[in-house]
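Across the two complexes that follow, subunit A remains constant while its partner is subunit B and subsequently subunit C.
== the complex of A and B ==
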């Protein structure tokens, strides 16, 4: 039996609800959960003022409703599972170290910033700064996986050091900006200035892209490691084709203004046509 | 005991505790995967002279390999966990990484213990190597002249069994070889077991002593037909003109027994006069594998 929270009153201003993790709600009754404090704008409020709470926690929390104004769902979680039957607000899974968050709708900006483990799956679109470092911080995603089935905004994986971000649709500008390491896969189109300032790491796209002049073309080859990565993403539900997994990719090395040890891999046009 | 007219000696194979690893080699074609596997398992017949024993376990279709390419499964054994690690680094580095288009993966995912292999070979990349971590599995991409060599950082190892064996005694060399070939054909493909000697067969069986002080093993004169009248003792019945041995290493005792069972039945069906096994009186090995239970009719297998 899971703990179910259904939104009955939409917050007029953002609601900060970092208490919504399996770890923080463990051992609480539905009544106790409803009395927990959340921050509504600049006011404290009880969770029950917005959510109807039922059931009991068995490691899984189900949230139902349009939670686009509910921030910090799953922030800092280390275990268990959260399912959002609707959309989720900003800072989803911020700093989480384990467990899984599944969002059936869209997610706001800052999905999984500075997370170190676990998995976030968003079936809709996500905003800017997926898996990114917070402003003033140098390191973003340090582990775990973020999978967005739809499109994502700007600065995906900013400062990311480890882990995997996969975008089923398009990504915005500055994808992988200041990337330290890790892997970003974008099945759709990349925005402008991909990989700007990246030191190490891998950015993969299934489409042609304009590459910054500080990147150098290396070769066209078939990266064997993608034969493991792309089928893995397919098993997670992304629409990866066999042609993409087996395809030839342009390899661009950069960013030369930094360490120049990163890479952008772009599926060759012929293979891209075959994949479509 | 008789099996299809073949005498099954009431004895046992004496086998030894070892450590084993499974290596999955893939390549663009099955031929190149096989080339790497054959190279890796070359000169790996006996711990005595090769520091490890290795062989091809199976050919793998693309659907059964990590990267969806044709593959070969290799088993490698040594007497210690450390020894397995050293031999893997040497042989994956010299025989697999060098072979065009190959990649090399750990084939024992559930093993409790691991040794570092790709984590050593990565240095060949001269700081151009790239680490990838996927679902807890760290891989190394080492740049090479045809692209990249992909290898798992760690390979699982597990306690194993080495030195299972059967001795096939026949009336002459040709007949004995036919029986041995039939046995090998039946034993190949046994999951978790390999036959490390050339073609799966060894003719130079040994005893663990020598009249030379600098040797600790020498020819098994009790089974040499040319020495029948002069050896200190002979184990050759009348009418036996040749003996061939098949040695089996396995990831566990059950795999060794299954391979021996297949070999005994096939050799008997192919005209072996007698089937025996090599042992040292039970004083050396940790395992004693009795022959006769394995010679029971196949339908009686558990």
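== the complex of A and C ==
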């Protein structure tokens, strides 16, 4: 039996619910959970003022309703699973180190900023700054996986150091800006200025894209690691084809104004046609 | 009766010229010697309104402060404290105390360009210097898309004159380079002129940096030969000062331009020496960042709602207002320094304004308390654009000081007098 929370009163102003993690709710009854404090605007409120709580925690929390105004769901979680039957607000899984979050609807900006482990799966679209470093901070995603089935906004994986971000749809501008290392796979179109200021790491796209002038063309080849990565993403549910996994890719090196050890891999147009 | 004041600091722009001689006759400023036209306009005749209004009706100070405290305490939802221009650092400090006590979010008079610069500097550091260093050492001054003569009239005569302590006299000692970005032109009398289209700017900065670092480039862009010449010139200089406008430009510039400029200054610091200077506006706006940093650790966009300061630069007050996430606002400082996007939002929520010319606020406010202007009516400390603190003088009697008024408001919000929040 899982712990079920159903939104009965939509918050008038954003609700900060960083207590909604399996670790913090462990060992609490439904009544005790409903009495926990959340921050509503400049005031404290009880969780029960917004959510109907039932069941008991067995490592899994189910949240139901439009939670677009509920922020920090699963922030700092290290174990267990959260399923959101609806949309989730900003800062979903911020700084999480383990466990899994599944969102059936859309997610707001800042999905998994500075997370170090675990997995976040969003079936809808996500906002800007997926897996990014917080403003003013240098290092973003340091481990774990973020999978978005829909589109994502700007600055995906900004300052990311390790881990995997996969976008099923299109990504906005500055995908992988200041990338330190790690892998970003975008099955749709890339926006402007992909990989600006990247040091190491890999950005993969299945479409042609405009590459910054500080990137230099290296070669066309068939990356072996994609034969492992892309089928893995397919198992997670992303629409990856065999032609993409085995296709040949243009390799662009950059960013020359940083370390120049990063790469952008773009599926060759012939292979892209076959893949579609 | 006439009285004169020497070494007065002017906050008309971020240069904070501290050599102004002000003469006051019959409670009117009649002369501000050495001041530029912007400074003369900023001093004016020293007379500012001294009104106090509650719900549009004239009121006493005690009554207005009680009304403001009640309004702010009664608000259900997050509060906004806006730190505006023309306040001394002690008044700003009292306002930060109020934000802390109200568990409010703060927004300050920092433009989009300036906040992008702060974030970029936090991410990758920054090579900067005082303006005195530029005056005495910089043998190559590069104006990147800015001509300071318009917004900062005395900048070039004070900080890049033809001679400096460690420079040879005349043009042999210091050369000026102007890079125009679209309609943002540089000084007309520069030794070298370059023109870039706005959409080329970031790519050109990247190319310039790649050239300085000796990195190979792919297809050369059409402006490449000129940039190669500029890169060569930068490398031959002993001390390069990069100057750009941190406040405004004719068009909204991409936020990555500032990071590219910072990176360019850093890249130059290997083969030679370089510093980046952002021109900032007046009214002690650099002081807002200094005060917030020493009080909370963060320079802007501080959120006190969880009891301890949190840094939320990605969520600005205008966004919060549009999302309906703010219940009431306290604007301290000159209300004309509130950005237009925010003014429209403030019209929708109950607002208290405490500051110079509060009664002339371009948005409706429930409680209005006019105070004196920092540096004209109120002495204290203000910051120059290069974060050098300078003393401010009070040269004119004027209305009640902002610091005192804000401390009185802070006292009314003390825990013993407010209802206890859970």
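Assume the second predicted complex is superposed on the first by the 276 of 276 C-alpha atoms of A that agree within 3 Å, B and C clash if a C-alpha of one lies under 4 Å from a C-alpha of the other, contacts with A are read in each partner's own complex, and residues count from 1 in each chain.
Quick note on the criterion: a contact is a pair of C-beta atoms (placed from the backbone, for glycine too) under 8 Å apart; a residue touches a chain by one contact, two chains touch by 3 or more.
All figures in this text were calculated on a predicted structure; none of them were measured in a lab.
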Subunit B versus subunit C as contact partner of A:243, first or second or both or neither: neither
Touching partner for A:102 - first (subunit B), second (subunit C), both, neither: neither
Contacts of A:56 with subunit B and subunit C, given as first, second, both or neither: neither
First, second, both or neither for A:30, with subunit B first and subunit C second: neither
Contacts of A:216 with subunit B and subunit C, given as first, second, both or neither: second
Broader residue contact with subunit A after superposition on the shared chain, subunit B or subunit C: C
First (subunit B), second (subunit C), both or neither touched by A:83: neither
Shared subunit A surface residues [contacts with subunit B and with subunit C]: none
Complex contact set, residues of subunit A against subunit C: 12-14, 16, 37, 39, 41-44, 109-110, 129, 133-138, 159, 174, 177-178, 193, 196-197, 212-217, 255-257, 260
Subunit A contact footprint on subunit B (complex, rising order): 66-69, 103, 128, 130-135, 139, 141, 147-148, 150
Sites on subunit C touched by subunit A in the complex: 75-79, 102-104, 118-119, 122-124, 202-203, 206-207, 209-210, 213, 215-219, 221, 256, 259, 263, 267, 305-306, 311, 313-314, 323-327, 421-422
Interfacial residue positions of subunit A with respect to subunit B in the complex: 162-164, 181, 183, 200, 202, 221-225, 227-229, 231-232, 245-246, 261, 263
